[in-house]
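Next come two complexes built around chain A: one with chain B, the other with chain C.
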Partner chain A sequence: MNSLPAGMFVQGNSFIHRLDARMKLPLLIGLITAVVNTDSAAGYAAIMAAAAGIIMLSELGVKTALSPAIGMYPFFIFIFLMNACFFSTEDTWFSFWIIHPSPYGVRQGINVVLHVLLVIIFSNVMTCTTAPMEITDALKSLISPFRIFKIPADQIAMIISVAIQFIPVLFEEADMIKKAQTARGAMFDSTKFAEKAAAVMPLVIPIFVGAFRRADELSMAMEARGYGGNRKYLKKSEPLHAWDYAAAAAVIALCLLQTVIL
Partner chain B sequence: MTTVKKSIITAVCIALCVVLPLAFHAVPNAGPTYCPMHIPVLLCGLICTWQYGLLCGLAGPALSSLFTGMPPVAYLPSMMVELAVYGTLCGVMMELVKTKKVYADLYISLAVAMLGGRIVGGLAKALIFARGEYSIAAWATGYFVTSLPGIIIQLALIPSIVFALMNSKLIPERYPKAAKA
Partner chain C sequence: MPVEIENVSYVYAKGTPYEAKALNRICLKIEDGTFTGVMGHTGCGKSTLIQLIAGLLEPSEGRIFLDGKDINLRGYDRKELRKKVGVIFQYPEYQLFETTVERDVMFGAKRLGLSRAETEERVRWALEKVGFDYERMRRLSPLGLSGGERKRIAMAGVLAVKPEILIMDEPIAGLDPLGREALLKLTDELNAEGTTIIMVSHDADVLAEHAGRVIVMENGEIAMDGAAKEILSSVKKLEEKRLGISQAAETAKLLRERGIDIGQDITRYDELVFRLVSYLKGGAQK
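Our next item is the complex of A and B:
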């Protein structure tokens, strides 16, 4: 593959790159909460302005920031049509069999598409501007209070960090396997259950075998380098900077604006 | 299996919780029908122990919601509860059930976990997440009728995946044959 897989870290020195990952993770959750609470035109305008500002500050470029969302356009069309045609049976424009397009359905379709689209964009900017090790350390720092319950924070942080790094790799592999099986005649869009099931089997087993092979190689490499589950050293975490607090204030203001005013 | 290998397998299963539903998007209405996110969680519980299955069940849907917006945040807590029970029960049952036949162990563990997860998921919805708006009919329809193709595919697929992984020597055999002299 010549193109960079979506969600992969892109080197840079932008404002968003320099934000501390310990702050970026809760801010991402805050932004997602703001997106979920949005259902008015003014609310979407505010969130989209925030998304445009974040993309500009990240210096990633519009194409990189939007690439995973652009690749999912058939899915967006599908969920929009599902909502527009099946969501409501009141005030319909017309009814045909089980299809009832209505203004409520269209509104709901736009809501769902915009919610998913914005969540994907914010998550993509986060993973593109944060090095995997920074995510690991941030996760470890955020879940470290649970150590008092004997929960292995280091190990959980490592597992989640490895999982995040595996997502683009496995997605590409799954896509390749799907294309290969389609070329061999797999009928994913057949209406018959037996044919659909028969198409799913050769798709899923190679995905799992390929993924477990990668897991086997990685675990062997980690063990060979002496990794035993816990890091023996603890990196002293740096204090947060003024710009981290400024970013937090901006996201809190956006959440309040969405919840209270818009 | 070492702790490191179990951790990495869990990480891969969590990543598959994000990737598999996207791969299934080619099939219309695949989410509720085929339940693709259930497969890595059940597998993680079966192969690693219950602690890893629990983590996979909690982190898989959370990461998927974070990265793809699916499942929507409104459905996320009940789904996390359901998947966490799947992963945990699979691991617990694999430790408890030892019939000396791998298929029997797998099917007993899977059946108990799939039933237990659906019961706990339904109870969580009825008592916490959709209090007063949830009925036995909605539970039976959502968890058994709509997802019947998913249940059949999972029961057919998961033991096959476990055997494929054992044959590829990617996971240890459950009942290793005695070495020939």
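Our next item is the complex of A and C:
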């Protein structure tokens, strides 16, 4: 395992790290809404300034904060070209077969690329600065009001938190299995397509078998310790701090600025 | 086909906030036909070291030679490496995936370019080596067998390639006493037939009884390296490093503390018994 998956939690003590996840999660949704509503140069300037400010406050470093978005550049080029060439058939520069590049298309392409780019950056900063357990606790508390509609909030929260906690475990196991199969001759790094395709089965089957085995073991261990899906294990949550409300105010102001003025 | 490791360092997750140095400028030569034990605490770099030797990781610095050839050079034939070096990981049973035992054991061996009959012969040999009846096992599904059986099937899959160097990472962990004895006997047999064995284990008893050379690793560096007898009888040094010592060495040490000195170089059970008997006989004569 030499490269880390994008968006992995990075230990830290910055302002963004200390924000309560219960506030961060709705604020992320707020920011995404603001991004989606943006389509003017001034609007982009405002939201990019906000993104820059958040990245600085998060103390993650520009590289960690932007790398997943930068890594997707082929995708961005692709969606830009798709939009630029196929979006509009009016007012085109030229038309060839089904390709009609137009100023509207280019504009739309720029919009889509910037929207996706900004959403990825904001989400990445969120997951990089929030421990998985905090995210699940936040989800739990955010969906708990829906209990009155008979939605099993605790079970859902448990499912999500178990799933998140299993990601690194499965990741490590997949790495180990890959090495074991490589050692006995599977060719994952082959450039020949046939060899590469043939190497998939020895990887996929053990990973699935392992995942089921772990799920089985865990459910048994949970039952053995008395888990019954009830909410007795819920821990008391801390109240929100002043800085959480300050951050909320800032994001709401940005959203208003986006929708009302720009 | 000696393994030579020259100034090898390895850094995990380089360039990320999780960067961690696992190995620091290791130099090592492992001769043909030897049985080398590697000891050390979790995180000392022993697993990284064996994965580097097996070509599963690429060193951040330094070079690794097998048979005089640098295994990380662009032109090096990886298939050759896979043929020569076999690895049994700590939980080999998790690597099974085929529909029948025979096909799973064949997975590595069929890449060697042998005839069908020869390949089948290899499978039969490997299954018998790990204590199974070929005819009875070949058509069973490996995933339906018990844990211990799956472990042995997976080992057979590695043995069927007939590697010249066999690397084992904590092979006896999780085995019952009988399985453990059988595995160690098998390892000794392979070693006697000329296979180089590199075994990671923190069980000083196993290394005392079987290994010729022992390497102790600490914080990504080689802390001790020498003949098994010499290393495993340095009781004081091992205890300073909080590593276990063999029961024979421990017994000799406890006897010494009670004034019964039967020698400081005891690491193996048979030596202990022999020395103790001669001590007691000598004592009776006095």
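Details
Rule of thumb we're sticking to: the second predicted complex is superposed on the first by the 189 of 262 C-alpha atoms of A that agree within 3 Å, B and C clash if a C-alpha of one lies under 4 Å from a C-alpha of the other, contacts with A are read in each partner's own complex, and residues count from 1 in each chain.
Here is the rule we go by: a contact is a pair of C-beta atoms (placed from the backbone, for glycine too) under 8 Å apart; a residue touches a chain by one contact, two chains touch by 3 or more.
A quick note: this is a predicted structure, and the numbers were derived from the prediction, not measured.
Contacts of A:209 after superposition: both chain B and chain C are touched. Touch criterion met: A:201 reaches chain B and chain C at once.
Shared-chain residue A:125: touches no atom of chain B or chain C.
Of the two partner chains placed around the shared chain by superposition, chain B is the only one that A:36 touches, whereas chain C remains out of contact. Counting residues of chain A touched by each partner, chain B versus chain C, the larger count belongs to B.
Contacts of A:135 after superposition on the shared chain: neither chain B nor chain C is touched. After overlaying the two complexes on the shared chain, residue contacts for A:64 are found with chain C alone; chain B is out of touch.
Touch criterion not met for A:46: it reaches neither chain B nor chain C. Residues 189, 201, 205, 209 of chain A lie at the contact with chain B in one complex and at the contact with chain C in the other. On the side of chain A, the complex with chain B involves touching residues 7, 28, 32-33, 36, 74-75, 78, 112, 115-117, 119-120, 123, 127, 155-156, 158-164, 166-167, 170-171, 174-175, 178, 188-189, 193, 196-197, 200-201, 203-205, 207-209, 211-216, 218-219, 222-223, 227-229.
Within the complex formed with chain C, the residues of chain A that make contact are 1-4, 8, 10-11, 64, 173, 176-177, 179-186, 189, 201-202, 205-206, 209-210. Contact residues of chain B toward chain A in the complex are 2-5, 7-12, 14-16, 18-20, 22-28, 34, 39, 43, 55, 59, 63, 65-70, 72-74, 149, 152-153, 156-157, 160-161, 164-165, 168, 170-171.
Considering their complex, residues 12-14, 16-18, 51, 54, 56-57, 78-79, 82, 85-87, 89, 91-92, 94-97, 107-108, 111, 143, 157-158, 161 of chain C touch chain A.
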